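Per-chain numbering from 1; labels A, B, C and D assigned in written order.
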Amino acid sequence: MPTTVLGQNQYGKAECRVVKVVRDGTTHHIKDLNVSVSLSGEMDEVHYSGSNANVLPTDTTKNTVYAFAREHGIASAEEFAALLARHFVAGQEQIHRARVRVEEYAWDRIAATGHSFVRDGRETRLAQVAYDGEQLQVIAGLKDLTVLNSTGSEFWGYAKDRYTTLPETHDRILATDVSARWRYGWTGADGAPAPDWDAAYARARTHILDAFAETYSLSLQQTMYRMGSRVVEHDADIEEIRFSLPNKHHFLVDMEPFGLKNEPDAPGGPVYFAADRPYGLIEATILREGAEQLIPVDLTTL
Amino acid sequence: MPTTVLGQNQYGKAECRVVKVVRDGTTHHIKDLNVSVSLSGEMDEVHYSGSNANVLPTDTTKNTVYAFAREHGIASAEEFAALLARHFVAGQEQIHRARVRVEEYAWDRIAATGHSFVRDGRETRLAQVAYDGEQLQVIAGLKDLTVLNSTGSEFWGYAKDRYTTLPETHDRILATDVSARWRYGWTGADGAPAPDWDAAYARARTHILDAFAETYSLSLQQTMYRMGSRVVEHDADIEEIRFSLPNKHHFLVDMEPFGLKNEPDAPGGPVYFAADRPYGLIEATILREGAEQLIPVDLTTL
Amino acid sequence: MPTTVLGQNQYGKAECRVVKVVRDGTTHHIKDLNVSVSLSGEMDEVHYSGSNANVLPTDTTKNTVYAFAREHGIASAEEFAALLARHFVAGQEQIHRARVRVEEYAWDRIAATGHSFVRDGRETRLAQVAYDGEQLQVIAGLKDLTVLNSTGSEFWGYAKDRYTTLPETHDRILATDVSARWRYGWTGADGAPAPDWDAAYARARTHILDAFAETYSLSLQQTMYRMGSRVVEHDADIEEIRFSLPNKHHFLVDMEPFGLKNEPDAPGGPVYFAADRPYGLIEATILREGAEQLIPVDLTTL
Amino acid sequence: MPTTVLGQNQYGKAECRVVKVVRDGTTHHIKDLNVSVSLSGEMDEVHYSGSNANVLPTDTTKNTVYAFAREHGIASAEEFAALLARHFVAGQEQIHRARVRVEEYAWDRIAATGHSFVRDGRETRLAQVAYDGEQLQVIAGLKDLTVLNSTGSEFWGYAKDRYTTLPETHDRILATDVSARWRYGWTGADGAPAPDWDAAYARARTHILDAFAETYSLSLQQTMYRMGSRVVEHDADIEEIRFSLPNKHHFLVDMEPFGLKNEPDAPGGPVYFAADRPYGLIEATILREGAEQLIPVDLTTL
């Protein structure tokens, strides 16, 4: 019988839904997070023999998330994740690496009171902090930010083969659900102060939106590159950014059978069919020159 | 062998995703709808023998949705649905009733250009128009509007039996995903002008939010009743409104095992676990006195 | 200010996920249910003033679901739902009507042991029991049973208008996700023995599948009617059945641009594009002659 | 202004839903796939300037999927993916790497005819083939295979800290949704015949199920390791396998407040609450000794 060995492994509690309220008189503030913890280290035995001696239960990692929210508050997704990651590696000798992922949901105020909120469904904010006992690696991002340009997009001059039937276009809708991750250079190792995580997030989000809007687009790749380079150029703390952008196709409906024109500039305006599947999928990393590419290639893998 | 007969039946094309752009110089406007059509009438034969002589294909109802968006534009979800419903009943003798449902997705502008948008993920706007050849019935609504009060909610003084273990509380989070449908009295039959659908929608939405925020709540039922009565009281066109409100439980985490206090008013603020299932589900219709209850009881049936 | 009044209302705990294991030596049996309870009665005060005096907490209804599974076991989804429905009406004077809905997930055995299972993902079994203090109403059903005929389906001879472009076809794929609900005549009121719920379910499911397969189809309506009439004809306990059937379109891909034929009977076999949206939606009730139509028209409402 | 550069990038059409029918007299066979193509190569210009000269449109990759299904049939997910991957690299000089992913949905026969099917909803089969112009890399797998042992699982003897509250247990339900990917050593480079992909898939699936059932489990990690080692030991073609296994918690309901016992071995059998979130998440790679670890660590990344 051939021998098998254990490779990379990690374990933890996923999707701890934690809501923290801070009361500032009658004005309340809320943080609404979904926290997932993954731990690695000396874990051979639990795989080979089932001995749990080195296993801090996932139930304990869950308890820790809630307890830390109570003891330390949640200054930002990134800071909270870093606090937890450091704790697990420092607290258990056999744990050598911790990775904490956070999804954050935004809430807007309902004006009537200081304690009433409506959930802002635009995008989900993301943060991931990994700690190996020496350095932190902080990746932030967002997903499900849906954007659309109703003009200012062309697609022509492409390669062709015998299966190419697509007509060229000089005016189309360009729409996508932005999924982005960017990595900060800060590692917490050299005493340098951490970035202002919330300000950095807001800035990256704004540059992504503005670059999407302002780029006259010959391809979604071109638009994506502008989005990424603009984020990196405007934030000295960001080393690289990766996007996964579905091309949400909006097809001009063929109205000829009904004797109607349906060009983009037709009087009254055009009508599009918003398609579901299949969709184009455009992905790339944009790096500061000289930076290392560390964000995984597939934001969703296989 | 016993005899079987055909009962209520309807057919049509569901989920036609139509995006209409209106170009006002370099400023664009978009309408983003999901339209579903259901037709009824003299349809015995297609069920009994498979003869399609009376069946206008669902593909044709789809084409009509797109062609009407091109020919007539989309003034509002309600008006567009009414136009379609009248058309199907007027255009095919054998069709006696048409019901058109619309989901509408809102978009906000990205400031940089006149043609760039980011999808507003808060709620989905709903409209349903039914036409029987004489009268229109217009039901509007919304779903997935998530709201939360971080205080101002109690729950106590309830009935108990041997399975009751819930402790009473005088300070809890109250959160729900609002799903609401309201019916307008206008039927288009007597020459009365139609309501301003967009203004009426905005008004209903605001009253729902404000009533949720401003009601000091002893039960979700009480809050719901205030939300509904406020909508009906402030819009003479609305006859009834129905809500389906999940009670999205946020449980105070028990911190005693960690030697921590976690009361709602504890310094630093409390921590909650946001639960998924099970959840309370609170549903009711609130009617103008004397109005008929016509909105179906189950917004999601079985 | 106009007066508003309370209309139909109901409340309870939704989606209690309960798994019951029965150990028969080393052979185990499992029941895996999702139970939702809705209660109605003298509930004006909780809506008007917030007094919970008549409100049995939804937390208690949840506890009851679990306790009853322990005390009484789960003989079948229908029997368990009936037990619960009777209990709530009998146990609380102010509750006049209870409706209990159950989703049931099936598991198959993994041969290796008596306690190992793999979930059968085909369909979800459904049961709904309502009790008003006198009679039970039992509706059973299923959803997400996906079926496909790769031939034996035509569509032609339909009505046409100026928006009709669909070509007629004499050989197409017919595919749908079956959603069905059927109502039993048994009410528990006259001492008659209850049907064998599991056997009745299995029988209805088989007749639905066989009728789908064996019907040479000129329209999905015709196939649906055969499915329904066959169920009613073969089970004297079933009074009516309702279907909601999406027409899951499979379009022949146009291969002419590539110089390829793609007819249904082409050598090697045809290739289809499986579309998502829009889709046809075909719905009807089929009744035993003389039966009352009580299943709601919209299995998913608005 | 700092300089930015382009890192790893890829593009293509995702989720082409293709259904292929083969007619063997009146007996039909169907293949139901969801195919996603990603291409990489000399793509700097489309990102920097928007020139599409090197870009074969994603619409063409979609057309190719359908045309190849017609021209070559679909012998298996793996073979079809390999055919496509080779084609894109061979056909366009500027494309240096192609990766084709396939989801496959299984269908069972309805006995009544040779052309009627019901979808088997158990698991989704997965295949990914990458080609760099020289070698193929074939990864197969499955997802959403839900399994449960109602006994034969313990969890005790674990590490503890101040946040540990979990009681030890010697009899619990162990349940998970299996997500697995395994890599074949075959690369197509040396003239060696390809494995029998369907047989290898069936074998791996069986060993996963049997190992899950037959392992008396002291931890989910132990069970996972047995599942993986058994697959590798029984198939000389498989070099490594990775799992991502949520621990789907089933909690014994506390019945003490109702005066009921609810131990696993209580007469009548225990009752469990099936929880949604949070859940444990256990992941690892199991390798043939000496094999390289090439399957990405995160099956779903960030």
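Please note the rule applied: contacts are C-beta pairs under 8 Å (C-beta built on N, C-alpha and C of every residue); 3 or more make two chains touch, one makes a residue touch a chain.
The model shown is predicted, which means the values in this text are computed figures rather than measured ones.
Visitor: As a test of understanding: of all chains, whose mean C-alpha position lies farthest from that of subunit B?
Guide: It is D whose centre lies farthest from that of subunit B.
Visitor: Determine the centre-to-centre distance between subunit B and subunit C, using the mean Cα coordinates as centres, and give it in whole Å.
Guide: 23
Visitor: Using Cα averages as centroids, what's the distance between subunit B and subunit D in whole Å?
Guide: 38
Visitor: For subunit B, what residues touch not just one other chain but two or more?
Guide: In subunit B, residues 17, 63, 67, 163, 165, 257-258, 276-277 touch at least two other chains, as defined above.
Visitor: When you draw the chains as points and link the ones that touch, which shape shows up: line, ring, star, complete, or other?
Guide: Here the contact pattern is complete, since every chain touches every other one.
Visitor: Where on subunit A does subunit D make contact in their complex?
Guide: Answer in residue numbers: 1-17, 36, 38, 43, 46-60, 62-64, 67, 91-92, 94, 101, 126, 128, 139, 141, 155-161, 163-166, 181, 217-219, 221-222, 224-225, 228-229, 232-233, 236, 240, 242, 246-247, 277-289, 293, 296-302.
Visitor: Can you name the residues of subunit B that touch subunit A in the complex?
Guide: Interface residues on the subunit B side: 17-23, 28, 30, 32, 63, 66-67, 69-71, 73, 107, 110-113, 115-123, 144-152, 173, 209-210, 212-214, 250, 253, 255, 257-258, 260, 262, 264-265, 268-276.
Visitor: In their complex, what parts of subunit A are in touch with subunit C?
Guide: Going through subunit A, the ones touching subunit C are 162-163, 165, 257-258, 276-277.
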